[in-house]
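Look at the two complexes coming up: chain A is in both, with chain B in one and chain C in the other.
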Partner chain A sequence: MLRRMMLVGLAALVVFGMAAVAQEPVTIEFWHAMSSGHQPNLQKLVDDFTAEYPYITVTLVYQGGYGTLQGKIDAAVVAGNLPAIAQVYENWVTPIAPILYPIGNFMTDAEKADILDGLVASNTYNGVLTTVPFNKSIMVLYYNKSLVTTPPTTWAEFFEMSKALTVDLDGDGKVDRYGTAFRPAANPEQFLIFLEQAGGSILNADWTEVALNNDAGKTAVEFVGSLIPYSYITSEYMSDHIKDAAMFVDTSAGIGYNQKAATNAGFELGAATLPAGPANFNSMIQGTNLAVFNTDNLTQAQKDAAVLLARFLLRAENTVFWAEKSGYQPVTKSAYGTEAWLTYVGSHDFQVPMSEQMLNAFAQILHPNYGDMRNVLSTGFEEIMRGVVPPLEGLENMAAEIEALLE
Partner chain B sequence: MGGPNREQSLTTTRTEAYYVARRRAYRVLLYVLMFVGCAIMLLPFFWMVTTSFKTELEAMRMPPQWIPRTWLWQNYPAALARAPFGRYFFNSFFVSILSTAGEVFTTILAAYAFAKMRFFGKNVLFALLLGTMMIPGEMLLIPNYVSLVRLNWFDHYEGLIIPWLASVFGIFLLRQFFRSLPDELWDSARIDGCRRFRYLWKVVVPLSKPAILTVALLKFLGSWNAYQWVLLMTNSQRMRTIPVGLTMFSSDIGTEYQLLMAASVVAILPILILFFFTQKQFIQGVARTGIK
Partner chain C sequence: MGRREKGNVNQGQKPVRSLRLPRDRVFWRESMAAYWYLFPAFLILGAFVFYPFFSAFRLSLFKWSSLNPPGAFIGLDNYRYIFADRYFWKAMGHTFYYVGITVPVTLFLAILIATLLNKGLKLLSFARTSFFLSYISPIVAMVMVWRWMYNTDYGLINYFLSLFHVDAVAWLNDPRWTLPAVIILSIWHYVGYQAIILLAGMQGIEQQYYDAAKVDGASGFQTWWQVTVPLLSPQIFFVFVMSLIGSFKVFTEVNVLFNGPGPLRSAETLVYYIIRSAGRIDNATNHTGRAAAASVVLFGIIFIFTIVQLTLTQKRVHYE
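So, the complex of A and B:
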């Protein structure tokens, strides 16, 4: 009896002792680039998290736009004062993958399996889920409902409608409204979508060779080339040029601005999944992930707390809350089946195609030089769309420059 | 009788009238050009002020809607509530004033040494100093950041002020001005038993007020508008300044122009007031030192 009591007492001591150790106060910084409109919602999620884990304090640190956040992370890598957790684009952290703390190792199988399929590869380093998706958007087709009654579902329809909707309204010999629009310098992802839909990719499967200029690449570039006469080209937000095109491919996160611009211009804006190419109608996912850093300036308790926060934000109710408030898309499969999300979609019809597109999506490759490759694509795509070089020649130029980056 | 004189007088009157008319025409043309230039310069400012009272839809309208249908004064409290702008204002003032005072002090000393004193390697040192202006600031950003983090100045006022207490441009500007002061002033001061330091503060500085004010004003403006360095060197809200606060209204997908402009109007007010009171000296300094 005495022995049993001693054992129970010992067990209780161990349990309470561990609990006491686990509840040592810990403070972590979360570096982000969410502007003030999003901050109350992010703060609400953090407040919910700290209510559940009262021993953790999360300091949200706004670091300006994405460019300055990236610069700050780069500087902090050198100075050794990284935060526990930060918003990151894939190409920011691929060169520093060894100092990332593999969040996936501390998640359940069910949590990992719940992440949308299109988001797994772009968060997986050497077979381990290392970062997790956070604020994700998808490129969809926006269209002027007063001009387009049924949005195009194939490349052929997209071409025909772009051609038909390019018009000189005042008869002065100049086009006043184009069928479609592109932002090649700011958004080379628009070209990558056509490449994916033609069945192509920048590199081959094991990243040893450039695949950009194979048959699929040529199909893609010839198609975008055929759209040049019917395309409005800009490097600014599409919401600033909403009247200049009848249809355009843009991020789902821009819906708020695009809708307001359309209201200003006196028409209703529609959203649809992308027209399908020869291989698929996949679209490119954009937006950032969450990375936990594994550096000496952070204690184990801070890393553990950061992992808990990342897992918390992935919960269906939280990714749905964030999506509803921010305009980004939920990042887990279970989120799309929640009552909250279905109710939201029911009252926001533009979300139907966006949700469908999220399930048919691809993300950027995790090559360490992807950032430079994106720069090549940006310049090359711009030159093609502005007619500086013929499409096929532009494609070869981009392939040659990316080849050099592989070497 | 009196014919030639009368004729001459008439000719003179005509010539004078011609010159007066020509002068008037020039003046009218000048005023028209100045008005057009002024309007062009003021247009963005006008847009900023009116946009700060617009609805979000009006602010996004293209071509721009110049005058809001209803003047939304509530944009101001709404914008200022988005971030602790009171603290940002204090920090901007504190950092700008200390940086300006510090830079003016070090600049006066260095500029005088380079302008009026003889010492070994003066020209080489000055050339080296000027050479540092050729290094792009972006290149120095990360090394400076690392140094200051190691000095434990990260997220402290020291990190925002001390690195900016000296300016090669300011030294160059004042040196040029100091060189134009006659050496006889120093000779007579020396005869009266005045030493270098006293001469510098009692004679050189008062004589160089416009140039010094120009250096100070340029520094104050630069410090008030500093963005990247402040963002890099701070993490906490209590250390940040106005320009960082202004980024709160923009994201990768768009900008809330009406709120951004409301906050911008408030942010530029101190600068406008400062310029209003110092414009005479500022313009004099710019004119005398040949800075365009």
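So, the complex of A and C:
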């Protein structure tokens, strides 16, 4: 009898104890800029999350394009009504880093170590993993399969092939198809890739000096300069100029548009990892991260819930689901080894180089003035590629302008 | 002595004052009623026009900080920065180039079209609708269509030019042709709207003026130049002022057409410069103070132009 009473008592304790630790309902807003095509997939991920954490309600708030989302976040900082979690570009939150809730402090070491190497620095503020990667794309080499059988693997091959594939098809003295193409104003990252592959960087390691115009920078700018006669230069999307170049470096996010344009133009498009420079064949990752905000309008429970959501989205199965459905790339190392991803890659040829490139990549630096630096690079790179200034002079101009931004 | 009597005494002593303020109860009651009627309009204008307007002046004196808005007071540094920025001056030049061509050419074409429409076409309402259609089309959709028309290889415009053995023009990729491309599509977009306003004005001109001109033996052109144009001057003036103000603020056409400021920033206008300075496009850094300073400069330019226009055209505008 005593034993039975003790058992009942214990059971009651467990039940009451569980009730005591059961969480209070909490609602969080997730501001994003994912257009209608992506929204059902994002909703599915959120539904899976709330199924696992029934006490949390996540309201997805579509804020329009990235520019609008940035504006809304800026306004919410001033008005003091930030959401618990939002999609953010590095530039947007670097000036407001003090009000970010450091997600990394609430992640396990294994979770942190699982984030792709190329994405750690661009989410780390003052040595703390603060934001986490979400929708990421990578720059790869696209090529016209009817013109290029084996894509170039080195800068030298890239140069030779670009030269050979630049042709005047109708003999009117004008080039009709170029070996390669650049979108310098819209995509200064194309130059940053060559800089990285030459072993260079915009600034030195502690951001105290401009490193752009050192030897590696000179090597990079001289190489892109040598490609000018064989390059189609445009500000428009490459899908609008798919026939104008045999090979071009473009984002993985553009695969759908580029493939469609190629099919319409009557050829098949291939994708490859980038040709390697003197130092490496690294490419640049772009796209947004997730930030949790640490402001007075949010309760601790909301911040905790937002961190749980960020961690949930990093899980291999979720980042793989998101990548398969959205065309972005998985953001954790373990994701690339999952059965689901390997199966997906097996049936999508272009994903092989993209996956390999994601593992050999870098992202933007988190300098508070990076937005202005990118602007300098965009203008300077375009002036070089359109022949307004000689490459080395253009490099020095960019370095001088970036120097002014370090003050 | 009551207020009214006192007022009357004053009125007796200094008749001039009575013309200024008859401070009686009826006056105040009526004035208060008027103010009450105006109050909602003042409230809305105050919140959405006057406050942002003065706020822009204030912000232009600060180095923006999102964390501690509006940031540090830096006096005129933002103005110094933009005046030393070569891209500000380029944007200024592009804007004047755009305004200088778009405004007069659109107005001239609109007068021409309105005159033709006023000739009593059988399909007048169809023609009117057709011309107005360009104006009511959503600007983004319209510019997207023009992007295809401007395509170097497949575009309708280059195809048309090729019929006259003109070489293909890289409208969207050659810095020399980007502003003309924006100007052409803007003229097409606004000419219908202006023509309809002018047509309405023309149709309001009394027939007796034309009869008198006929009696005097005026030719068709003389009648148009001596009768139609002067009597249409209020509408021409309205269209001119509105189109000048609108043209100085050109942005969407550029942003959608080039998905940026155009090659070598050749189509960057003042408003594009302002929006980019505020970090709203190209993922740029947020320099709200600089953007506000550039806005104040743009306001000054439009203000001066409007005053000059008002002064110069006042004598030439004929109201019936």
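The criterion applied here is as follows: the second predicted complex is superposed on the first by the 385 of 407 C-alpha atoms of A that agree within 3 Å, B and C clash if a C-alpha of one lies under 4 Å from a C-alpha of the other, contacts with A are read in each partner's own complex, and residues count from 1 in each chain.
Keep in mind that, in the parts below, a residue touches a chain if its C-beta (ideal position, glycine included) is under 8 Å from a C-beta of that chain, and two chains touch if they have at least 3 such contacts.
Just so it is clear, the structure is predicted and the values come from calculations on it, not from any experiment.
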Chain B versus chain C as contact partner of A:Y237, first or second or both or neither: both
Which superposed partner A:T219 touches (first chain B, second chain C, both, neither): neither
Contacts of A:T180 with chain B and chain C, given as first, second, both or neither: neither
Partner chain in contact with A:G71 - chain B first, chain C second, else both or neither: both
Chain B versus chain C as contact partner of A:T130, first or second or both or neither: neither
First (chain B), second (chain C), both or neither touched by A:N264: first
Touching partner for A:R386 - first (chain B), second (chain C), both, neither: second
First, second, both or neither for A:R374, with chain B first and chain C second: second
Residues of chain A that lie at the interface with chain B and also at the interface with chain C: 66, 71, 74, 78, 237, 240, 243
Of chain A, residues touching chain B in the complex: 29, 33-39, 59, 61-66, 68, 71-72, 74-75, 78-81, 237, 239-241, 243, 251, 253-254, 256-257, 260-261, 263-264, 327
Contacting residues of chain A [partner chain C, same complex]: 66-67, 70-71, 74, 77-78, 89, 91, 95-96, 98-99, 185-186, 233-237, 240, 243, 369-372, 374-375, 378-379, 382-383, 386, 388
Parts of chain C lying in touch with chain A, wherever the complex brings them together: 65-67, 69, 87, 151, 153, 172-173, 175, 258-265, 279-286
Of chain B, residues touching chain A in the complex: 56-57, 60-62, 82-83, 141-142, 145-146, 149-150, 154, 227-228, 231-232, 235-236, 244, 247-254, 256
